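Structure provided below as structure tokens; questions to follow.
All chains are identified by letter, namely A, B, C and D, in their written order; residue positions are counted from 1 within each chain.
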Amino acid sequence: MQFVAGKIVRNEGHGEIFYRLEVAIPEPVEFTPGQFAMVSGWPGNDPLLPRPLAIFRAGAAPKGKGTAEFVYKVVGRGTALLSGMHPGERLSLTLPLGRGFDLGRDGRLYWLVGGGVGFSSVFPAAAALAGRRTEFEMFLGSRTREHLPPKEWTPGGSAPGRVHLCTEDGTAGYFGRVTEVVKERLAGLSAADVSRLMILSCGPREMLKEIAFAAAERGAEMQAALENHMACGFGVCWGCVVALRDGEKVAYRRVCKEGPVFDAREVVW
Amino acid sequence: MVKPDLSVSLGSLRLKNPVMSASGTFGYGLEFAPFYDISRLGAVVVKGLSLAPTPGNPPGRIVETASGMLNAIGLQNIGVERFMADVAPQLEGAGAVFAANIYGRTAEEYEAVAERLSGLSSLAAIEVNASCPNVKEGGMAFGAAPEGIQRLTERVRKATDKPVWVKLSPNVSDIASVAAAAEASGADAVSLINTIVGMAVDHRTRRPKLSNTTGGLSGPAIKPVALRMVWEVCRRVKIPVIGIGGIQTAADALEFLLVGAAAVQVGTANFRNPRACVEILEGIEAFLREERLSGIAEYRGGLLL
Amino acid sequence: MVKPDLSVSLGSLRLKNPVMSASGTFGYGLEFAPFYDISRLGAVVVKGLSLAPTPGNPPGRIVETASGMLNAIGLQNIGVERFMADVAPQLEGAGAVFAANIYGRTAEEYEAVAERLSGLSSLAAIEVNASCPNVKEGGMAFGAAPEGIQRLTERVRKATDKPVWVKLSPNVSDIASVAAAAEASGADAVSLINTIVGMAVDHRTRRPKLSNTTGGLSGPAIKPVALRMVWEVCRRVKIPVIGIGGIQTAADALEFLLVGAAAVQVGTANFRNPRACVEILEGIEAFLREERLSGIAEYRGGLLL
Amino acid sequence: MQFVAGKIVRNEGHGEIFYRLEVAIPEPVEFTPGQFAMVSGWPGNDPLLPRPLAIFRAGAAPKGKGTAEFVYKVVGRGTALLSGMHPGERLSLTLPLGRGFDLGRDGRLYWLVGGGVGFSSVFPAAAALAGRRTEFEMFLGSRTREHLPPKEWTPGGSAPGRVHLCTEDGTAGYFGRVTEVVKERLAGLSAADVSRLMILSCGPREMLKEIAFAAAERGAEMQAALENHMACGFGVCWGCVVALRDGEKVAYRRVCKEGPVFDAREVVW
């Protein structure tokens, strides 16, 4: 975890929905898929707080420097401001933050489920799995074809997993919500496969909840990357808590520290 | 040139510099160790401690506002016992000077926490949160009027030999009178301001944005109000005043020192910039050098009217 | 679809919509005529008027702060006579509904201004500024406590047949009690908040940035505090509450209506955007259409807790 | 006076000191030299207030549209933000504002004195005088050569006035402060010329004050463009007042409404 000064290398819109941001940082960072950064740097005190963005990629750059990449969607003032920034301008980053996906060991059957911009956490997981040639399938859901990530961003390399696209308006892939596809596939899975299954998911809370219930019903394991409003991102403000089951009781856990990835069975949905 | 003297006195307590963290914005201090050596700070003030661990408020705890934020954390904390057993030794190990911020549901609870903490030889001071707006029992019952503050301060004063700082609420008509009551009741210092009570609603869903409906406003938005209150209190009391509210830069911190604060605490700024406290510290030193001042003492309280 | 009903009642006074200008930020109203037809507003509230013309404070009257500004204008104004002779006829001519904000150094002066203005048949209401923080005689002597407000309200109430709105200060421990005192003393409405007292200094020159040392904080920075206070007052009094503080957009205005305000006033926003009031008005109408609401009445006070 | 939405056409730095900003506006505006605009448009509420900038040029653009030009120096947060904005981005402008220079009738001897970025008000006056072939001399003062306006900005056309440059470090023109030059010239002027003289000036208050005293001593007329912090710029907040002589007394007058150009003899310096 470090707080670094970054410089924008690129910040381009893709299909009016997603922006891809690459930032040069002083040295390379390692991260677990699902981990995130707190990003700020626009001038002035309004907006005041940094914004959490999943780390989409991170790597080495010439001369011992590093880069970090993000994918974001403009939803409000902070992301709008970010989208107006240009290469050469400065950003501050705290990264890597939180607990990412537990990608466990091989021999497991991985399903990666991303809804909306949730693919930004799911793709790095896919890349890691593909890198070690672990079997996975990926389910991506969005409202329309335009809200799907550009094809060239899909990770995989020499061993891409199978990718299922779903759009709510049927403009690409399966006509319907990604939850339907996942639930249907779950229902058809053998008990042996269910016991090998590990679902990694990121997306709107309603989507996560629906899949979590379906997974729980079949006894499948699932990790869900949650979101919440954050002030600090590194565990000191206690602002980002969600309710988790703690034995019989409920405990408030920080999305930025104990999460953002939680065991879906522990979440009080 | 000789190094300017950054040290400051808070009554009998001498701090190596005037920059502290504000309670609730710095966790238990150790979380900042990855960013810098926390022993460099004048003092680390940890998250508000209560007798028993406290779960805090349900989610919907923070909202961003124009140049500020509302929080309704509800004083979630690990409780005084775990603090003493697990955290304090680590703070000692890190070489940090640290103070404990405390609160209770009743005067007895405040007393009990203060008494318990007194056994901690490494503890620099006890800051009494008489002003948390986010829990019914967060001290506002005491903090809203001079009489309440007097009662609370007297009890905590008797319960401990540690320096006692009383943290004041800005949600009052006359903060200087409340400060004077703390002084008269034996406080070693007053710290101000805590957050200003605010509210945010969503005009579409028609619901409050915080589970607690209202929350405490902090950040640059409140700096002008904090500065005015610190100035008012400095003119009224003789005990040291710790200035808090919207401090983000060395210039901000210097403003509080200029109107008379003996030290400052940095809160919300830690969220956007985890290195805020040390950067402010370095900025103050650079300023003193630039102005060829021998130290804080030569600058403090020097407002020209 | 039928046009949503934007009209609101402030006691006996019916306004065609809930959007007014806030006193001191809208001059005498006519200055906005180049930007839009000021008769479109629910009401124009003019700059605070005193018995005699007032020169105001020396320069160093405004300072920008984070998402806000401090002002210490000191109520510079042309006095009630010139207002009646020169300005009122022009406001009438422009078809504007207008209210006069008044202040005095003593209760007698308030009374005298109110009495004098009562002769102005076109005047919609008198807003009593019991809360200007920038002049010793600006009403804070009255506005800080329920007893003072009661005394002032009773006197102005007797001096005029016009609707009396009492404008409240946020610099108090319990604004709802002050509002209740105004209600009990015959106020037709309360308007809140006035500015929060703040201060700004220059850490290099070591001087206050305002000639008056302190000033009143306004703008988006104070919106959360204003909204909370309006909510508190709405739950306490039965008379209409006029919400003020940091309103810049239709969404902001709707938030105040949601927590129970009967109308709103737009202040500092007029400076950056001279068309702010009409844009807010248009935005409110658009929102009601979008949500298929019949009018303000169906939305107001509908906060879901 | 109107409040309009503008679009940045260019916004370029010149020699690290001055930026030249051109904004496309819905229709052409006419202005008197010395008048100004309130400019805002950066995102967020911090900084909150618009910034006053003298109108440097204004003209017609194709299709009945207009343009307005400004020259500014980065001194704080607002101007820094402005300097980071790009062509195509939007600004809000209220203009034209205030009372500009009274350029009177012909037969007068005009001296135009600009200190620092004060040339932004003085050049339009020079352009207007040159346009009607009125005699004038211009005195421009700055700290160094780099702080002088780029040569190509100097107005004049077919009848440029004489221009005297002064730098405090002697890197261009006269080695010294512009006030010295003006005072020396004033001292040497015949009574007849003094009675024809009209000084138009804009710059730091100390400079204006010194020249005003020298002018008063010789009985020469002078108009000074003052600055002050402003909230509204169009006369409604009463925040921008300066003390003016009003008979025996002192009255507070608004720089944005009764000014920014005042008769130097009335100013309480």
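Quick notes on this structure:
As a convention for this text, a residue touches a chain if its C-beta (ideal position, glycine included) is under 8 Å from a C-beta of that chain, and two chains touch if they have at least 3 such contacts.
Nothing here was measured: the structure is a model prediction, and the numbers come from that model.
Using the contact threshold fixed earlier, the set of chains in contact with both chain B and chain D is A, C.
Distance between Cα centroids is largest for the pairing of chain A with D. Centre-to-centre spacing of chain A and chain C amounts to 47 Å, using the average Cα coordinate of each chain. Computed centre separation for the pair chain B/chain C is 34 angstrom, with centres defined by C-alpha atoms. Chain geometry summary: the mean Cα position of chain A and that of chain D are 53 Å apart. Shared contact sites, meaning residues of chain A that touch two or more other chains, fall at 44-47. Residues of chain B in contact with two or more other chains: 65-68, 219-221. If the chains shown are joined wherever they touch, the resulting network links each chain directly to all the rest.
Put simply, chain A touches chain B in their complex at residues 1-3, 40, 44-50, 92, 94, 228-243, 251-252.
In the complex of the two chains, the chain A residues touching chain D come out as 42-47, 77, 80-81, 84, 86, 89. Residues 65-68, 70, 144-145, 171-173, 196-201, 203, 205-208, 213-214, 217, 219-225, 227-228, 231, 246, 251, 254-255, 258-259, 287, 302-305 of chain C are the ones that touch chain B when the two sit in their complex.
Considering their complex, residues 45-46 of chain A touch chain C. On chain C, the positions that touch chain A within their shared complex are 66-67, 220.
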